[in-house]
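Pasting the structures here.
After this come two complexes, each holding chain A, first together with chain B and then together with chain C.
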Partner chain A sequence: MKTFCKYFASKMLRLSIIVAVVSVLSFVLVSFAPLDPITAYLGYDRLQISQEQEAQIISRWGLDKSPPERFLSWAGNILRGDFGKSVIFNEPVVDVIGKRFVASFWLMFFAWLFSGLLGFILGAVAGTFRNSLADRVIRFYAYTLASTPTFWVAMILLVFFAVKLGWFPVCCAGPLGVAPEDVSFADRLYHLALPVLTLSLVGIAQITLHTREKMIDFFQSNHATYALACGETRSSTAIFHGLRNILLPAITLQFASLGELFSGSVLAEVVFSYPGLGKATVDAGIRGDVPLLLGVVIFSTIFVVVGNLIADLLYTLVDPRVRTEEAI
Partner chain B sequence: MTNTIVQQPKQVSLLQRKKAVLICLCCVFFFVALYIAGAMMGDTGLRTDFLHRNLPPSLDYPFGTDWLGRDLLTRTVKGLCISIQIGMLAAMCSAVLAGLLGVAAATFGGKVDTVITGMIDVVMSTPHLVMLILISFAMGGGVQGVVVAVALTHWTRLARILRAEVMQLKNADYLQLSTRLGKSKLWIARNHILPHLLPQFVIGLILLFPHAILHSAGLSFLGFGLTPHNPSIGILLSESMQQLSTGHWWLAVIPGVCLICMVKVFDILGNTLRYLSDPQTSQQ
Partner chain C sequence: MLAIEDLHISFHRYNKGLDRTKLTPVHNLNLEIGVGEIMAIVGESGGGKSLLAHAVLDILPANAETGGKICFCGQELDRKKINKLRGRKISLVPQSVSYLNPLLTVGRQVFRAAVVAGLSKKEAKIARDSAFDMVSLEEASMKLYPFQLSGGMAQRVLVAMATVGGAPLIIADEPTTGLDPELLAGFLELLRVTIDNGRAAMLITHDLNAARKVADKIAVFAGGTIVEIINNRENLTSDKLSHPYSRALWDSLPENGFNLSEIKHTYSARENGNQQGCLFRGACCCDREQCEKSIPPLMPVKHGLVRCWNA
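Our next item is the complex of A and B:
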């Protein structure tokens, strides 16, 4: 247990270092942006304000200070949990991210679950019946999807299921004209269906190919040979002996691929105009909302690093072999 | 009898090698043809023609026309060419970065290695797309925004591969022997290390193209990156987004399928070259 605590502490240290480096880097990047914050904030109204008002804004925002000073005050605020105020939503960044993330969370959660299950099953089938027709079809599907842009899959699903067939809504997270608080649970799921389907279809490529490799490895092991020699069929060997061997790597891989899931959700949310964090990121980038953009970068980094951390911890907690290695 | 047994596997491998070389040639031919087609095609197809708006694919217009009457075939081919150019530029920048950092990490070791592997960790633990948006935002969008963003986010995997390769070479017996024989470091680098790294580098570069092209298309689609003055495939697709609800499916489907085909050809080319250059598989 002591070694585990030590291990956990070192991981947490690594996490905080990565987040710190990312925030410094993104602050430096943003300060290079050829964007005048005041013009971005006011737009054409800038022509109407006087010199004094402009000077007031500059000193209020600390734009007259040097970049290192600005960074220190920004970092100090962030450590206190104050990410500043989003310009386009006119709300504190923390509130915007919190609200938007709840919407994105359900999208990513379902996509994560379905792509994991589907990818695992397909990969296991492909690995069990190697070089069969099913294997070839699954492999072709996975390799093709790996080179397919997520936003294009989203568009095709939108054209087919929402526009042509009219089975699913074209956009948003609820019916038009209904306040977000009043949208019923069923309606929510109904509007989630297509974005989730997009991300699930695209997300299975990696997990399928990985599971397939692991299954092939399993069938080359001694205990698989023994089970086959005892007269078990390939499928029963795979189900009763193989699955528990390949389940853990699949779960950890699924946790470690949260970054791609997040990227995918950005694209899917833009196509379906789903009011999640991804859509907010793109809006922030296009309309020059620097506080929100920086907030999202830091938040998404934490999201991904925590995913990796869970993946590592799962390995050490569940797999006794790794734990002893760590202890040594 | 023994002769046939000895020869049989060899014949198979020769056939496979020939097949692999043929696949590579076909892929290269595909790109050359695409590029020449893009250069040869005049601008007639790009002119607006309101008599022939929104036509579905037909014999006259194999890919159909868009809402301004422009020929989608011309636009797609030209868009693919632009996407290839930007993808190549970005992938090359990224590969050079990966080469420098990967080799530096392995050769200098110690603190340099720690810093560079730390950088790899940092880049790998941010969602690619968010980082791409941030960087192209910081660069003010445009072509340079896309190229820099893709270059700065895609170097990690190749850098890791090259670092591992140099690490392994450093401890190889024949390199130690070469040093004892009094060869200079430069001579060893040129005659022993470079021939090992170059194929890895080239293949890594080719396998970077698909990612670079897809991500630059994604960035353009989201509205960062290129503008409609540079109609790459990403721009074509993002323009067709506005036409989706009108049921003009070909505007989205056809350029997308072409993009996937192109990316897949790059993938096949890279993987076949890897198969050919890897001594373990090429002698199978």
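Our next item is the complex of A and C:
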């Protein structure tokens, strides 16, 4: 338990270092970007305010101070939990991220689950029966999808299933004209279907190819040879011995791919106009909402790093070799 | 119980681009093992002895080709038949604990071996317990993972794996590697007890001394085939050996003077050459005309069979 606490503490330290580095870098990038917070805030009304009014806003927001000073006051606020106010949504950044993340969370969760399960199964089958017809079909599929951009798949699905066949809605997280809090559960799932399908289809490729390689490696190992010598068939060897051995790297990969999932969800959300965090990120970027943009960057950093942390912790649960070393 | 006739194992290897060479690490191999017998296959490491074991179980890598006949209890084996025999009738004691799944407790793996050998879950549990009992391992050791086993325990677990399904033929592939003399003696005794229950074993080893202690017959493996089979294991002495390679092997034992002769180098240069004649010609005392022309077959001599025109 003591070693575990130490392990956890060192991971948390690493997490905070990463967040600190990312915030400095993104702040530097944003301060060099040609974004004018006043225009972002006022829009076309900017033309109507006087020089004095503008000067007032500048001094009130601290825009006349040097970038390091601005960074320190921003970082100080963040440490106190104040991420500032989103300019385009006119709400605290924390609230915007919270609301948007709930929508994105379900999208990413289902996509993560389906792509993980399906990819793992396909990869295991392909690896077990290497060079069979099934393997070749699965590999062809995976290579094709691995080289296909997410937004393109999203558009194809949209055109085919939503526009042509009309099976699924074209956009959004609920029926038009219904307030977000009144949308029924079934409706929510219905609107999630196509974005989830897009992300799952694209996300399968990597985990499939990875699992396939691991399964092939497994079958070249001594213990796979021995299992066969004991009378196991290829498929029973794969099920009883192989899956256990390749599960861990697959889980790790799946958690480590949260970053890609996040960026994939940005693209899918834009195509489907799905009001999630990804869409908010793009809006913040296009319309110069600096506080929201920085907030999302920090949030997604934490999200991805925590994903990797979970993968590391799972190692200790699945692998007895790591587990007992921990216990000693 | 097991009869091997004229076994060949070959591999295709790509040298450069599409330039292929065919390697034949095992050729013209004949062997018979009877009930209650331990047949030791002795030869140097890396010579292809393990391939023999893998060929009998049909677990060679996919790029291997085999020729010849393998008969088990009078039946010629093909792929389908071997599939049914593995684990049930023929079992393997592997080289080391790395052949066990590192992520499963040894108790579960022994149980699984019994289930795969065709026992019901109830029978498998009983078989597992008695297998652990037979190799004198405590019940608590069933809960250990392979990496937690000591060398001696690992050997016992591997023997339990091989015997739990009740297979009458046990193939032990270099099971003695890395064991200290005490563990080795224990293992050999265990093997002897196992075989005396009406089974048979093929003990593959590079340790001539270990083979002498336990085997009923010793087959000397060299140059990809068996050059001599010695029936009489009792009081084995140099003059009972007829083949020049067997004598060289004997002389290389520590207690016989550690003499390394040139014979190994001579034949290994000729291996895989697919040429006619005895592989050992020029390296032994008395070359004959016949030695140039053809590989000698296994011929009966006083203490067994030997592949030498001079014997």
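The working rule: the second predicted complex is superposed on the first by the 320 of 328 C-alpha atoms of A that agree within 3 Å, B and C clash if a C-alpha of one lies under 4 Å from a C-alpha of the other, contacts with A are read in each partner's own complex, and residues count from 1 in each chain.
The rule we apply is simple: a contact is a pair of C-beta atoms (placed from the backbone, for glycine too) under 8 Å apart; a residue touches a chain by one contact, two chains touch by 3 or more.
In this text, all values refer to a predicted model and were calculated from it rather than measured experimentally.
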Q) After lining up the shared chain so the two structures overlap, which partner does A:Val296 touch, if you call chain B first and chain C second: first, second, both or neither? A) first
Q: Considering only touches as defined above, state whether A:Lys164 meets chain B (first), chain C (second), both or neither.
A: first
(Q) By the touch definition at the top of the document, which applies to A:Val282: first (chain B), second (chain C), both, or neither? (A) first
(Q) Under the stated touch criterion, which partner chain does A:Phe185 make contact with: chain B (first), chain C (second), both, or neither? (A) neither
Q. Which partner reaches more residues of chain A, chain B or chain C?
A. B
Q) Touch check for A:Tyr143: first (chain B), second (chain C), both, or neither? A) first
**Q.** Which of chain B and chain C A:Trp152 touches, first, second, both or neither
**A.** first
Q: Check the residue A:Asn245 against both partner chains and state whether it touches chain B (first), chain C (second), both, or neither.
A: second
Q: For A:Val266, decide between first (touching chain B), second (touching chain C), both and neither.
A: first
Q: Could you please specify the touching residues of chain B with respect to chain A in the complex?
A: 118, 121-122, 124-131, 133-140, 210, 214, 217-218, 221-224, 237, 240-241, 244-245, 247, 249, 252-253, 256, 259-260, 263-264, 267
Q) In their complex, what parts of chain A are in touch with chain B? A) 14, 17-18, 21-22, 25-26, 29-30, 32-35, 143-144, 146-152, 155-156, 158-160, 163-164, 170, 258-260, 262-263, 266-267, 270-271, 281-282, 285-286, 288, 293, 296-297, 300-301, 303-305, 308
Q.
Taking the touch rule as given, give the residues of chain A at its contact with chain C in the complex, in rising order.
A. 222-223, 225-233, 236, 240-241, 244-245, 319-321, 324
Q | chain A contact footprint on chain C (complex, rising order) | A | 54, 57, 59, 83, 86-88, 91-92, 94-96, 98-104, 112-113, 116-117, 145, 147-148, 161, 165
